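Going by the order they are written in, the chains are A, B, C and D; count residues from 1 in each one.
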Amino acid sequence: MKKLNIGIIGYGFMGRTHSNAYRQVAKFFDTEYQPVLKAVCARSEDRVKAFADNWGYESYETDWRKLIERDDIDAIDIAAPNHLHREMAIAAAAAGKMVLCEKPLGINPSEGREMADAVNKAGVPNFVWFNYRFVPAVALVKKFVDDGKLGRIYHYRANFLQDWCIEAGVPQGGEGLWRLDVNSAGSGVTGDLLAHCIDTALWINGPIESVSAMTETFVKERMHQETGKVEEVGIDDACAFLARFKNGTLATFESSRYARGHTAGYCLELNGESASVGWKLPDLHLLSYFDDNDGSAVRGWRSIHVSQNDGEHPYMANWWVPGIVVGFEHTFTHGAYQFLKSLEDNTHDRQYSNFEDALKTDEVCAAVLESARTQSWQTIA
Amino acid sequence: MKKLNIGIIGYGFMGRTHSNAYRQVAKFFDTEYQPVLKAVCARSEDRVKAFADNWGYESYETDWRKLIERDDIDAIDIAAPNHLHREMAIAAAAAGKMVLCEKPLGINPSEGREMADAVNKAGVPNFVWFNYRFVPAVALVKKFVDDGKLGRIYHYRANFLQDWCIEAGVPQGGEGLWRLDVNSAGSGVTGDLLAHCIDTALWINGPIESVSAMTETFVKERMHQETGKVEEVGIDDACAFLARFKNGTLATFESSRYARGHTAGYCLELNGESASVGWKLPDLHLLSYFDDNDGSAVRGWRSIHVSQNDGEHPYMANWWVPGIVVGFEHTFTHGAYQFLKSLEDNTHDRQYSNFEDALKTDEVCAAVLESARTQSWQTIA
Amino acid sequence: MKKLNIGIIGYGFMGRTHSNAYRQVAKFFDTEYQPVLKAVCARSEDRVKAFADNWGYESYETDWRKLIERDDIDAIDIAAPNHLHREMAIAAAAAGKMVLCEKPLGINPSEGREMADAVNKAGVPNFVWFNYRFVPAVALVKKFVDDGKLGRIYHYRANFLQDWCIEAGVPQGGEGLWRLDVNSAGSGVTGDLLAHCIDTALWINGPIESVSAMTETFVKERMHQETGKVEEVGIDDACAFLARFKNGTLATFESSRYARGHTAGYCLELNGESASVGWKLPDLHLLSYFDDNDGSAVRGWRSIHVSQNDGEHPYMANWWVPGIVVGFEHTFTHGAYQFLKSLEDNTHDRQYSNFEDALKTDEVCAAVLESARTQSWQTIA
Amino acid sequence: MKKLNIGIIGYGFMGRTHSNAYRQVAKFFDTEYQPVLKAVCARSEDRVKAFADNWGYESYETDWRKLIERDDIDAIDIAAPNHLHREMAIAAAAAGKMVLCEKPLGINPSEGREMADAVNKAGVPNFVWFNYRFVPAVALVKKFVDDGKLGRIYHYRANFLQDWCIEAGVPQGGEGLWRLDVNSAGSGVTGDLLAHCIDTALWINGPIESVSAMTETFVKERMHQETGKVEEVGIDDACAFLARFKNGTLATFESSRYARGHTAGYCLELNGESASVGWKLPDLHLLSYFDDNDGSAVRGWRSIHVSQNDGEHPYMANWWVPGIVVGFEHTFTHGAYQFLKSLEDNTHDRQYSNFEDALKTDEVCAAVLESARTQSWQTIA
């Protein structure tokens, strides 16, 4: 058993999910490396100290550069707003640390390129938290596709719908709201939500060739929490795009924070020659599956309860008993497992996005935004 | 092509469903006999005339004995309140008419026995409108069981839930409300709703051996529409019972008119050794199906959209195209088809309840009510 | 009561649905005009005669021009392949007949324009069979939107998915397959299926301003049933498009005949400021509804069983009892009702597409196809 | 902050869920007492050591009596087979330890009575792990009922269905299978599964007055893993019963391990005068809710995604963000929270079953088994 000393930057929603994952992973999964909660870093000393106490971090920092300099840290985990990813990741790689980074990689492909170059040059393991790959049902989709169960894939459709921005009174920027500030986030739903959809799609169905997109900012001005002034909103509130995959699949993608009734509504569907699958985050333990090989009397969409612990359902053998569901937080635990496993065995079939993979998602996001801006189809290199 | 002259008694909800069935059946199904809407009978001349005009009956009567006496009538269809079934059916049989009768057969097994004896003695075709047998999805359950798809059946459960009697102000008896008057209906939910559940169960899973039941009348007194007085309520508002089938299946049955949120909620489920099935009336075109033979990775409840027109889904080849649903009224059309078909070919596999079958349901209902009254298990002969 | 003599051209799937509607409408709905099945016309005498016999048409023709010339016909109903609509409709209008026509109106907007001009000039009532407007649940969506229940509508999404063309062996053209022949159909899924989605959308949410589309023909060549030769396929197998409505709504539309697991999968969803609604054809009696005004403890998507007969659920008071569903065929009956009702009262709030409305759908379809061809956004005039 | 030193007996499925709960509770919930994993006890030294290592227990024991004697233990948690509960709990109470015990309390009410007397006499806090009370959706049902949202409750129905015993080759007794050995388990589905249903029902709807039950053992003989011999099976494979609550509610309960397609299928439904609710374990984050106060146009069953973090949905404010689900394991964490909270504040509204509550469940289970044995209604004192 080897210790892997973690230094994490950020204590928001993602700081919590990652911390929980590090604490839980070794209790349920067998890995040579076990994470140690060495240090957490954030600007507010009071709050970072409270966070460290709660989660059991051995220490804390208020300057992320100091964290990166520390010799007792093996891996830097970046759970800070998007516009900080680049500088932190490059510094961490330069210091020889493994780098784990929240998604999206950079706020544009040029940042992403720099970041990927940095970890490649440093030769350090690198990981991006596209956690939906680690939903057991989504991993099962990947397995079905790889096993040829679907045959040729004609259609891919995904959307990620939320509704928390409908009230015009929601401010932009500031504590817990940096995702609405274009300077911190880079973009709106495209980088935040569609990035997830795109990562999953590239993983399962290969490269996207071209896109035609539209975006909209429904509420044009919002009070900025930091300046206290009403300012123009720079992010996209909604985005939809058509896409063609290199393998000929036709696709539609959509995301919005104005889709009343959808709180965290990521869903996807693939229609293949032989079978189709569908999944949605609100019921993350279920996989819809239609198999044309069933006889016509009994053909129908199945609701697969992804909880078999016989090894057929990814990750589930490590948890409880059949019929018993895990939740959203477990996707991060599975992600941590995948990262740790790859450290011990570099022939391990990599299931996670590294920086190069995440860069591809940055590129699709950029093409989407450019397509919307220019009202034209964009080809992805 | 042969004409079958129908004389129907009653113009309520069932009078309408039967009339529609007679009008529609020959447009969609191929039968030697085609029903002719010869006459309708009811006490109110104004209303029976209007009904005849609307549905295209050639004539009307206001005295059911006259209807039965008419030479130009081949078949009497009884869609009158329960307490009139016995006298009408016996008279019709004695007059040599075929007899179709709404369910339940009699208001108790002794009436039912008389009625069955009468049609048997007269040697006339006889039919009871247990229409749920003719729901395509339910007929598919029957087929699956007969084909052995489920294997040994461990469990059967059915309930029929409604909520229209919760308001204490609903009167008993009178126009459209005879089902709440024990003198007209014989019993409450047992004869009205559980009779359906029992008929389906006997058809699909064979005889019931013994029952233990409880009943309740939640609202003890209601205004009687005919007397204008508040009178004791004699019917059962709710009834639940345990049952053992002769083949060893354990069962639970339940019905209520106080189950808020359920308007016409008949549902059933069978759990077999190899497979299970479930169905519910609110979505009557769907059959839930679980097959243990599927591999563990893809096992799950399927939602079969019972709309294949390749012959695998009962009745559906005669309607429209795959993917297209029919509704509740079609169950009566299918029933009419089954009756007509059996006239032309007495080797036809009878899918409907005749009087002898319906008598068995009367017997189970009686055992249920007796069990509730005596708080003891009752054996069905 | 006035008779309305119908002469119908075509006896395919739509010939059957219309015939059934004419037969049923007056049994359930109160209208001054009652349709009479006067004549049916098609080329094959044997088959048209059998059709007339089955459905009770008083006569038949084998030349549609003769049908139109007949003095005893009030209304011509065109249920022939798309490429025949124009000539037939213009001739019928010129003969002073009311014209009912299957959708799409023409195979392009220029045909549609001519047709609309013809009926306008002749001053004859005209109707296009966009039957999904008459699904009770869809009509309820319209009512909710008109009543302001949804508030500002941010998103509209609709798709219509089928899977019957996946097998490359399905021939194009010929009996029952003219929808695959570009010369008969004009286009593939765009005119056949998206036309439905577009009509509903324009009806509920107003004009579409611009579109960006992609189409694909997955199987490039198919045997033509009439020539017996393998020929290039001219239709679109799949089509997806982005759209902006004049009122600012963002929309995505998609259709395919290669979406495994979807047989007749029309579904739509609207996300409004205050509420959202969703509907899908496979369960046509249900409406999904989310109301933000519910308190947070009890907020959720409701499944409204559209079967109330108190007048709140469109059309349902005319059928059976609450909790009881109707099917697909009833949408045509409702359409016939709407047409008949508008004849008796020209202040009646018109619920159906007339030729001018259907022309708008033709225009959107044309813009969609042009957008796909040129890979550019197209504006609708 | 005060430490609460835990000594747990047993390392099976429940040993794991409890250990996880102790580790997680203080990270998400604010309590004065924080559990310390002091010691785990089981007979196999190798395995108990591995378990202690994995979960971070400071020590281990192989003799439970030694564990109870230790001064450094504040609370004994019994996660051993049912037949050992009594002796362990009485000894723990006598030693002045708090006692947490897996359900059912005893293998019969006389054992349960002794156990309750022991903790009462010792005056030690006591807790039984009826974990389904702590499902957020189930706790929400309790809240709705207490708040009067449902009004008078006419019907309660619950079942707990599994299918893992269908194969006759499953042995009885031994490692992981003591639930099939009547000597270890006391009963079959009644004590294992119906006990959960009964505990929830008593909590939400008050005392049960009388029951009529049937049980069945489908596979009469199974190989016993410890003796290696085929022996008679003493447990009930399936059990169903009718019940009347003191408040007049009619109820049906059912459980089986032969219900093909159900892996861990606990579900319940309550029908009240004003509203109804339904819940099922396979989708534990959802609550079905029907409110009669909604207008008839929009009335329908809602699917409430129990993930609001505004305090309206029990426990959810302590986890992640709205729209995000937790899983099965969290019910134990919530249970641990409730226990810890009650230690710091004895005016806290107790949400868990203590020994006296669990004894009531033992009594209902005993009445159910006696009713099945004697085929008669049994009254609960």
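Odds and ends about this structure:
FYI, contacts are C-beta pairs under 8 Å (C-beta built on N, C-alpha and C of every residue); 3 or more make two chains touch, one makes a residue touch a chain.
None of these values were measured; they are calculated from a predicted model.
Chain pairs A-D and A-B differ in how many C-beta pairs are in contact, and the one with more is A-D.
Centroid analysis (C-alpha atoms only) places C farthest from subunit D. Subunit A and subunit C have CA centres that are 41 Å apart. Mean C-alpha position of subunit A lies 36 Å from that of subunit D. Mean C-alpha positions place subunit A and subunit B at a centre distance of 55 Å. Multi-chain contact residues of subunit B (touching two or more other chains): 301, 305.
Residues of subunit A touching subunit B in their complex: 140, 143, 287, 289, 291, 294-305, 308, 310, 312-313. By the touch criterion stated above, subunit D contacts subunit B in their complex at residues 154-155, 157, 161, 163, 166, 212-214, 216, 218, 238, 240-242, 244, 248, 250, 252, 254, 256, 258-262, 271-276, 290, 292, 301, 375-377.
Considering their complex, residues 13, 16-17, 20, 23, 26-27, 54-55, 162, 164, 263-265, 281-286, 305, 307, 319-330 of subunit B touch subunit C.
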